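Each of the next two complexes has chain A plus one more chain, namely chain B in the first and chain C in the second.
== the complex of A and B ==
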């Protein structure tokens, strides 16, 4: 098994190099071709054309695009993604602070989505062709029609204003400082043994993660339900019944395992959806992640930062693809071939 | 604090439980245990508004600080934080009069306004305990801007050629041309004093990570995009602030800021939508204020876009706008209609000049340009959405007013970055609805900048205005300077080189236990707050 997993990871890593190169090139060229001037926000109102030219030269924006790209690439390979125009900080430094927060948020959102959608998908399957199927479909359709940012506002109103039991701003409460170990607040606070601060971080994570989860769960519910309906017609289910297994056991031990394969694929493919959702959710909840950073970068035409975020996003998606491939191999013996 | 009934389920057939619940003593014990259990499992109950801590204040704030180098940027909305951490050489009072701060005295050493003598307080210390001296002033306001063109301070003080250091507390700011309005720039954007030795030791990146100023608060934590924690500085020359800790919670979404103040989780929230301010005003324990300040809502006109080069079209645009109706509809009548490019109470305001709404005259002007309701003139009106209260709604209403006289404006939503970029590159596609910030109230930063055609940022590119603006910027006689700007204000309005609309309004909601000082330039400075 270890060999198979290693082979999958290695194959994906080899594929990742040209993928990253191509994506970097596309993003770089597209950003430079857009009619945006990163100097606009840098210069004072009194700046002359000569000042603008001098600054353009200082930042290297006067060079031809291919040359700019090669300079950027060489620096990127050496771990330098340039400096943010707005924040006057290295892009890598900004990303190192923001990526763990977003990962923590999206992974918690994914976990909550699974907590909602696995029982939800099973329930939707159980209700298939029964009296309450229409009601279940309606609920799922309603959930699906509400985007994450609207869930955010609804959750803030529900649990922040009308029944104020959960915080909805920031990553931890006032007075709680985060140790700087891994960047993952939940991990770091446990590592230093600050349980009360850890609970504060959990409570701050709940609403934004739930907003993401509620936008994502209906997709999983629908796919899981369809997969279970397909699985119900498979011969192994009949065999299991003939062996005298209970319907519950057949569903949870056999059908669910097989139905999980398309669901995992869908989750892998749609994980980018969670990142996309995090963009607005982070802004609404004042959550210091990549989404929040991206909004500010786009607002300020901060090309180096946008470029860096696009690259990190691509890396994350490649990592997720590897994880999905590995899970596939673990769950499906037929795929365990090199 | 809101509380709700405690709900729990128990099996009604469980005789033991029923019995227990019927016994008051045991019921209290069971309910108490349950409540304790729930409390232990739900630490986020702390999320509720807690007993008021009068030494701390949380503020729901819409924008983050991009960099802690205060000489680098000129973003008006972050000046509250820079003022809190760095203080400033001079500062405008709530009533917009220039007052001493770090600089106690300033006077011209010549009659040409090229040498400004300044005296510093001798008790100013930075947050690292070192003394603020004239060397730091020279480094921050003269040397840095010259060495690095990316620092806005060089552009804001672009006529400064040097600062001569006479002693640790005395110096002369030398200008390369007469700059009679120079003192206002010591209370304006980017003119903050940073510690020279520390900046040189740690560099801009190190400074950004751990900024040191000489203001009433020290920055102790910055979670980018989330919160900024400031703590009172005991050695501040003006005395330590009464509110010891201030947390700026960065909440770009206005509805989330409303929810934070409504749920009592912050003591103050700024830049709220008008309709929400009106709703919050009905709540007990919350005070709301909608007040005009020194910024101006206007339509800026790019002279290089057809048909903006047509005098009659511009006059028709101006005449067809009912400014009082706009103020009433979107700002509760608080935003004062303006006929000139400066608010009432500022030195170049022209009280006896009134540019009135007149639909008949607008029709006549448009007719003179060859247009009318049956043959409308068409162009794009650029507008932001959510940058200042009701901006996009304002644009739609103006387009509606124009339509009735034969001006067909299609609204294009844009962002400040795009607007600035298009203006700087001379690529605006139409007039733009804009909020012009000027915390000084001085006309040099209104008409002087708006109509200077040489500035990359200007939109009205009439080069014949250059000598006139130059003359005003170098006029040392204050009376003549103001008279000149008043004349420019009237003429620019009459000829509609830009269309002044309304004095901007600031919206704020705060706990009734708080006593904030609200400044006429929109500043929100926690050092000036106290609790009742």
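== the complex of A and C ==
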């Protein structure tokens, strides 16, 4: 088992190197097509052309693009992603603070999405078997038409304005400082035993995570439903029925287990959807994650920061792919004997 | 097989061309096609005839009537059926004009990504080998990036404007078409009638366009329709962030961004563009789903 897992991880990592290189190059070239001068914001209004040239030289923007890329790459390999132009802080430092926040949000969102979509998918399947699928179809189609960022606005209207029960700005309440251990607020606050602050963090996480979950759930529901429909025609279902197992048991213990494989694949492929959704959700909820940082970087033409965030997103996506591959191997007995 | 058999066309016209009377009947039986198509038609008409339908100019500020509630609520007036926003602009008129940008982006971006994605899919799936490997690698490379992040980066490089948004969507979303259609082309190019077309001396180009392409057209229509919904959401997202269009063009995303300031006191200003986006995207999704089920006998048999 361990051997298979390490083989998968190794193969994925080897494949990841050219991918990361190429993607960084694409992003680098695209960003250098910029129609406006990213340095304009750094200079005071009284700056002369000579000042601008000096700054360009200092930041390395005067060199040809291939050379700039190699310099960036060499530094990146050594763990230096440069400094943000607007925040005047090293990009790596900004990332270290933002990545755990985004992961906390997306993973909670994924968890909530599963809590919604596993029963939802089963229900959609049961309705389909009983020929009552029209209503279920319409609800799924409707849910699929509401992206996470609209859910965010609707949830804020519902639970922040009309029935103000939940906070909808920031990661914790005002005046609460976060301990810096793992960067995951929910973990850190439990570790230091500050339960009141923990509850505050949970309540702040609830609406953004729910918005993310509601945007993602219909995708899972659809895959789960159609995998269950496929599973219903498999011989093992008939065998289980002949053995006298109840329909409920067949559905939940046998068919669902088999339907989980395509679902996991889909979640892996669509994880970018979660990250993309988190971008806007973080911005709307003022949640200090990578997405929020990205929006600010894009608005301010902060090239080093954008480049760094692009790299982080690629790395995160690759890690997700590895995890999905490993999970798949663990869950699918057919892949265990390679 | 005799020589005469080889010189006859590979398949009778009616079978080869996807839109026959039977498929049209299948389409008409799908309620989703009617509902989705109906929604899209209404919104298209509103967008095209916006200057005649909208009660006001979308940019006209009436500072004496800021945040007027909708006409059915207390304090509302018939002059502003859906009320006004924080600058005294008519919400209904802005919503109607916003449909113009939304549908322009939806149609052009979906068309562009369909052309780019399907062309590459046809080339890769038909020729296989190195061409296919290169195209598939490109798709994988593109998909190892969250789509929204990629379009943001592209917009930084391209600059803002409706045409730039369309280009960004095309450059990001062609993979959706390419991946799915390539898989189908791989199956179709092994069919006997494709082989027959080659045997009677069709060129590669003619075989691709006359024999392979028609077989993937239903799939392309479905993906096109769903992509329209995706493009609407992307445009709304980008103009919500403030990256899509200059302020003198009205979009739904911009209305959302403006409405956030007055969310506490005037929820209707926000609900209108939210509902516009949801209903339009729903129309696209229903239409696409309906076409998919109507044109795919396997799905019909499953009772979808």
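Just so we're on the same page, the second predicted complex is superposed on the first by the 330 of 338 C-alpha atoms of A that agree within 3 Å, B and C clash if a C-alpha of one lies under 4 Å from a C-alpha of the other, contacts with A are read in each partner's own complex, and residues count from 1 in each chain.
FYI, a contact is a pair of C-beta atoms (placed from the backbone, for glycine too) under 8 Å apart; a residue touches a chain by one contact, two chains touch by 3 or more.
The shown structure was predicted, so the numbers you read here are calculated from the model rather than taken from an experiment.
Trainee: Superposed on chain A, are chain B and chain C clashing or fitting side by side?
Mentor: Here the two partners, once superposed via chain A, clash with each other.
Trainee: Considering only the touch criterion stated at the top, classify A:178 as touching first (chain B), second (chain C), both, or neither.
Mentor: In the superposition, A:178 contacts chain B only.
Trainee: Would you sort A:87 into first (chain B), second (chain C), both or neither based on which partner it touches?
Mentor: It touches chain B, and chain C stays clear.
Trainee: Check whether A:157 is in contact with chain B, with chain C, with both or with neither, and answer first, second, both or neither.
Mentor: both
Trainee: Can A:295 be said to touch chain B (first), chain C (second), both, or neither?
Mentor: both
Trainee: Looking at A:68, would you say it contacts chain B, chain C, both, or neither? Reply first, second, both or neither.
Mentor: After superposing on A, A:68 lies clear of both chain B and chain C.
Trainee: For A:167 in the superposed arrangement: first (chain B), second (chain C), both or neither?
Mentor: In the superposed model, A:167 contacts chain B only, not chain C.
Trainee: One more residue to check, A:332. First (chain B), second (chain C), both or neither?
Mentor: A:332 contacts neither chain B nor chain C.
Trainee: In the overlaid three-chain picture, which partner chain does A:265 touch, first (chain B) or second (chain C), both, or neither?
Mentor: Neither: A:265 stays clear of chain B and chain C.
Trainee: Out of 6-14, 24-32, 42-50 or 60-68, where does chain C collide with chain B after the chain A superposition?
Mentor: The segment of chain C occupying space taken by chain B is 60-68.
Trainee: Where on chain A do chain B and chain C both make contact?
Mentor: 35-36, 153, 156-157, 161, 283-284, 295, 299, 301
Trainee: Under the touch definition given earlier, write down the residues of chain A that touch chain C in their complex.
Mentor: My answer: residues 19, 22-23, 26-27, 30-36, 128, 131, 133-134, 137, 141-142, 144-147, 149-150, 153-154, 156-157, 161-162, 229, 269, 272-273, 275-277, 279-280, 283-284, 294-295, 298-299, 301, 306, 309-310, 313-314, 317-318, 321.
Trainee: Would you tell me which residues of chain A are touching chain B in their complex?
Mentor: Against chain B, chain A makes touches at 35-37, 39-49, 51-52, 54-55, 58, 86-90, 94, 97-98, 153, 156-157, 160-161, 163-171, 173-174, 177-178, 196, 199-200, 202-203, 206, 282-289, 292-293, 295-296, 299-301.
Trainee: Chain A touches which residues of chain B in the complex?
Mentor: Residues 2, 4, 42-49, 56, 58, 60, 64, 66-67, 69, 72, 74, 149-150, 152, 154-156, 158, 190, 204-205, 208, 221, 223-227, 229, 247, 249-253, 255-256, 259-260, 262-265, 415-418, 420-421, 424-425, 427, 449, 454-457 of chain B touch chain A in their complex.
Trainee: Could you pull out which chain C residues touch chain A in their complex?
Mentor: Per the stated touch rule, the residues are 31-32, 140-141, 143-149, 152-159, 229, 233, 236-237, 240-243, 256, 260, 263-264, 267, 270-271, 274, 277-279, 281-282, 284-286, 289, 302-304.
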